[in-house]
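Working notes, beginning with the structure itself.
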Amino acid sequence: MTVHLSRKYGFFAAHRLHAPGLSDEANRALYGKCNNPNGHGHNYEVEVTVAGKVDPVTGRSIDLNLLDALCEQQILAPFRYRNLNKEVAEFLTGNPTTENLATVVDDRLRAVWNEWFSAAGPKLEKIRIWETERNICQVEGQGRTQHES
Amino acid sequence: MTVHLSRKYGFFAAHRLHAPGLSDEANRALYGKCNNPNGHGHNYEVEVTVAGKVDPVTGRSIDLNLLDALCEQQILAPFRYRNLNKEVAEFLTGNPTTENLATVVDDRLRAVWNEWFSAAGPKLEKIRIWETERNICQVEGQGRTQHES
Amino acid sequence: MTVHLSRKYGFFAAHRLHAPGLSDEANRALYGKCNNPNGHGHNYEVEVTVAGKVDPVTGRSIDLNLLDALCEQQILAPFRYRNLNKEVAEFLTGNPTTENLATVVDDRLRAVWNEWFSAAGPKLEKIRIWETERNICQVEGQGRTQHES
Amino acid sequence: MTVHLSRKYGFFAAHRLHAPGLSDEANRALYGKCNNPNGHGHNYEVEVTVAGKVDPVTGRSIDLNLLDALCEQQILAPFRYRNLNKEVAEFLTGNPTTENLATVVDDRLRAVWNEWFSAAGPKLEKIRIWETERNICQVEGQGRTQHES
Amino acid sequence: MTVHLSRKYGFFAAHRLHAPGLSDEANRALYGKCNNPNGHGHNYEVEVTVAGKVDPVTGRSIDLNLLDALCEQQILAPFRYRNLNKEVAEFLTGNPTTENLATVVDDRLRAVWNEWFSAAGPKLEKIRIWETERNICQVEGQGRTQHES
Amino acid sequence: MTVHLSRKYGFFAAHRLHAPGLSDEANRALYGKCNNPNGHGHNYEVEVTVAGKVDPVTGRSIDLNLLDALCEQQILAPFRYRNLNKEVAEFLTGNPTTENLATVVDDRLRAVWNEWFSAAGPKLEKIRIWETERNICQVEGQGRTQHES
């Protein structure tokens, strides 16, 4: 039986919403206070869900030490206490909306997933990000399949 | 890639569980204290989830100002600080169980969705309501399809 | 050494804010939507804090079974799933603001405290009520002393 | 229309992670402090989600009194204030990881589901367990179908 | 009887910890990642507690519309979606630690309190700020008395 | 001005309530399921509050790295993933009620406080422990004064 194991991590970061392809006026109209040039910040929460079979010996569907280390390397260390717009490669010319942030987290984990887990092992199933307790985005990685590229 | 964007809203309201088609005795047996004729109330939480493509210019899957305005008009303004049984049309002769409340919220948003968003735009995916942190109902709107009626 | 033991209880109830001594117009101006004649409701949380010495035999500052039974009798049974304005004696001609509700809870517990606990036993120290997570009132019972009246 | 009704329950229990098929050294390496022979514990949360049609008379998709009684009998009474490794049959020679615990909860409810609910009635859809707010497992019971065995 | 009424507000902001009187090296040693020059951010929560008598007519210890308007003017509008170091006067050459932020909030409210509430009215009692759910600071304004300066 | 800085830490542990000075029957009557010989467990939360002056150079009332290290050494490392009754010295023949646990935490921090902080530095003000979100104990250390023994 497949189980779905989720780990929830937190990090604090600053961001600013600004679409490079729009005028300053259009940006202000679209994002309001979130377009403030000096940025603001959040206590972000990221939930990583993996689908896997339960190993009959260990009783686990994934090696949690590995998952934690992978997330630390790919997401938490580069994002924690950072200004996303100024210090995270994908947002230097991008726009850290909740949607884009969820996609970047998903991409960063999928990009190296096969180096960390075997083809028969756990699959990355979905990413859920809380920017605030009232603003949430989930991606399920349909666009790119693990063990395929 | 499709993303799933959720917004969570809250409102305070009173309600009473009472099935018009049952005897008073049967109502008391079925709903217990929730059948109290004078009603009681809750701090309701409503999570609205939409599925959409991320716009490459804005980095967003939906115009959040529009979604907030739609929910304010259809759900929050008519429900906030109200007695659901006495002031919300669907419950004047109905029964505001968590299931029915979730269905009404879903219906109210779907009824006007096409007036607010284009056919190529975001889709209303599901409604999740917390009556309390321990009593929750989710509907996914299979009964009525957007852009079909 | 004195310790401060707190128990947190919850109940769901309806209420309406309306000052009997004011005109309808003044009530609407003062309480806004909370003055809606049909009422609304909340998931109330009540924290009862007692100060006491730790009994060296039991390791406890108060008999929690007694405290739970006292709160059930005086507060939870009469308030749970009720319309405070219509079913709680103090509010039939009163006004269930957070302040008045906290005071009523405090009064109801103090009124019978001496029948439940000995003079050398735990003291009722304070009541804290959350109407919502953002609206809170605390009373510390300075007005009426236990074991004095 | 099918709705998804969730009830969330809590219980406090002790457990120890230890794989009977591994050496003591391998256990320590795999589970770290969770392998401590004397055990530790958690405030577990269990969310039970059922899928069902809303009864037009009662406005409910499931009899909540029945669901609560079933969960009390099968899960809460046997697990509450227990040492899972020493007092729950499935873990006497097993390993109470979050995955195994979710599977056991799912099995225990499915094993008797047909005795409590009719074939046309609500279906057990998924179990979600929070060991902590950051460690969560969900099972959806694909392995065994209700009303089939 | 005096009651203690608390209102909790939230805002999102960026900040950077940096002591102007210390070398860059000392700053890095002292604040670690929080000294990152580009800043990071938080979902701040601010609880404002006032002490007052309950008005027998209104059942309230303070006019909540006034308190909300005061906090909006003095704290929320100037801090919301802002970079504290770059856009809040007190931190342009200061250091937005949790302690300093609590003090600034307290100062800003006390500075104009007498213009909003009468001398016989509610007193500002304490400010409590959550930078995260695990890092909290409370000030009780002993340094400056209302209705005295 | 004195500020009150709080840090909140969490640990998972098992315990059993049992008063050595009472009969088995009396223990069962007093503690109910909490007297289960095999123990159960909790996700404990501990809030440590210190009172201090804000250093004008650092903007801090206490060196948080020191406070974290002190709590790790005295509380978290010895309690985390432990069975309190079997592995924590004070409870080998004691009784880990919430009251006693709060007192032990307070004692352990006060016992070495002067080795970590100067006499002019921050004072340990109070300890608040959540055994569950509904069962809480606070001690304020009146029994033993810092910098006095």
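Chains: A, B, C, D, E and F, in written order; residue numbering restarts at 1 for each.
Rule of thumb we're sticking to: a residue touches a chain if its C-beta (ideal position, glycine included) is under 8 Å from a C-beta of that chain, and two chains touch if they have at least 3 such contacts.
In this text, all values refer to a predicted model and were calculated from it rather than measured experimentally.
*Asks:* Identify the chains in contact with chain A as well as chain C, in label order.
*Replies:* B, E
*Asks:* Same or different, please, for the chain E to chain F contact, judged on whether over half of the interface numbers appear on both copies.
*Replies:* Different; most numbers are used by only one of chain E and chain F.
*Asks:* With chain centres taken as the means of their Cα atoms, state the distance from chain B to chain F in Å.
*Replies:* 44
*Asks:* What's the distance between the Cα centroids of chain A and chain E, rounded to whole Å?
*Replies:* Their C-alpha centroids are separated by 32 Å.
*Asks:* With chain centres taken as the means of their Cα atoms, state the distance from chain C to chain E in Å.
*Replies:* About 29 Å, centre to centre.
*Asks:* Going by the contact rule already set, what residues in chain A reach two or more other chains?
*Replies:* Expected reply: no residues.
*Asks:* Could you draw the chains as nodes, link the ones that touch, and say if you get a line, ring, star, complete or other?
*Replies:* Its topology fits none of the listed shapes; call it other.
*Asks:* Chain pairs that touch, all of them, please.
*Replies:* A-B, A-D, A-E, B-C, B-D, C-E, C-F, D-F, E-F
*Asks:* Which of the residues in chain B come into contact with chain A in the complex?
*Replies:* 1-9, 47, 49, 54, 57-61, 65
*Asks:* Which residues of chain A touch chain B in the complex?
*Replies:* My answer: residues 17, 19, 21-22, 30, 32, 94-100, 102-103, 133-143.
*Asks:* Looking at the complex, which residues from chain B come into contact with chain C?
*Replies:* Going through chain B, the ones touching chain C are 12-15, 33-34, 36, 38-43, 80-83, 86-87, 132.
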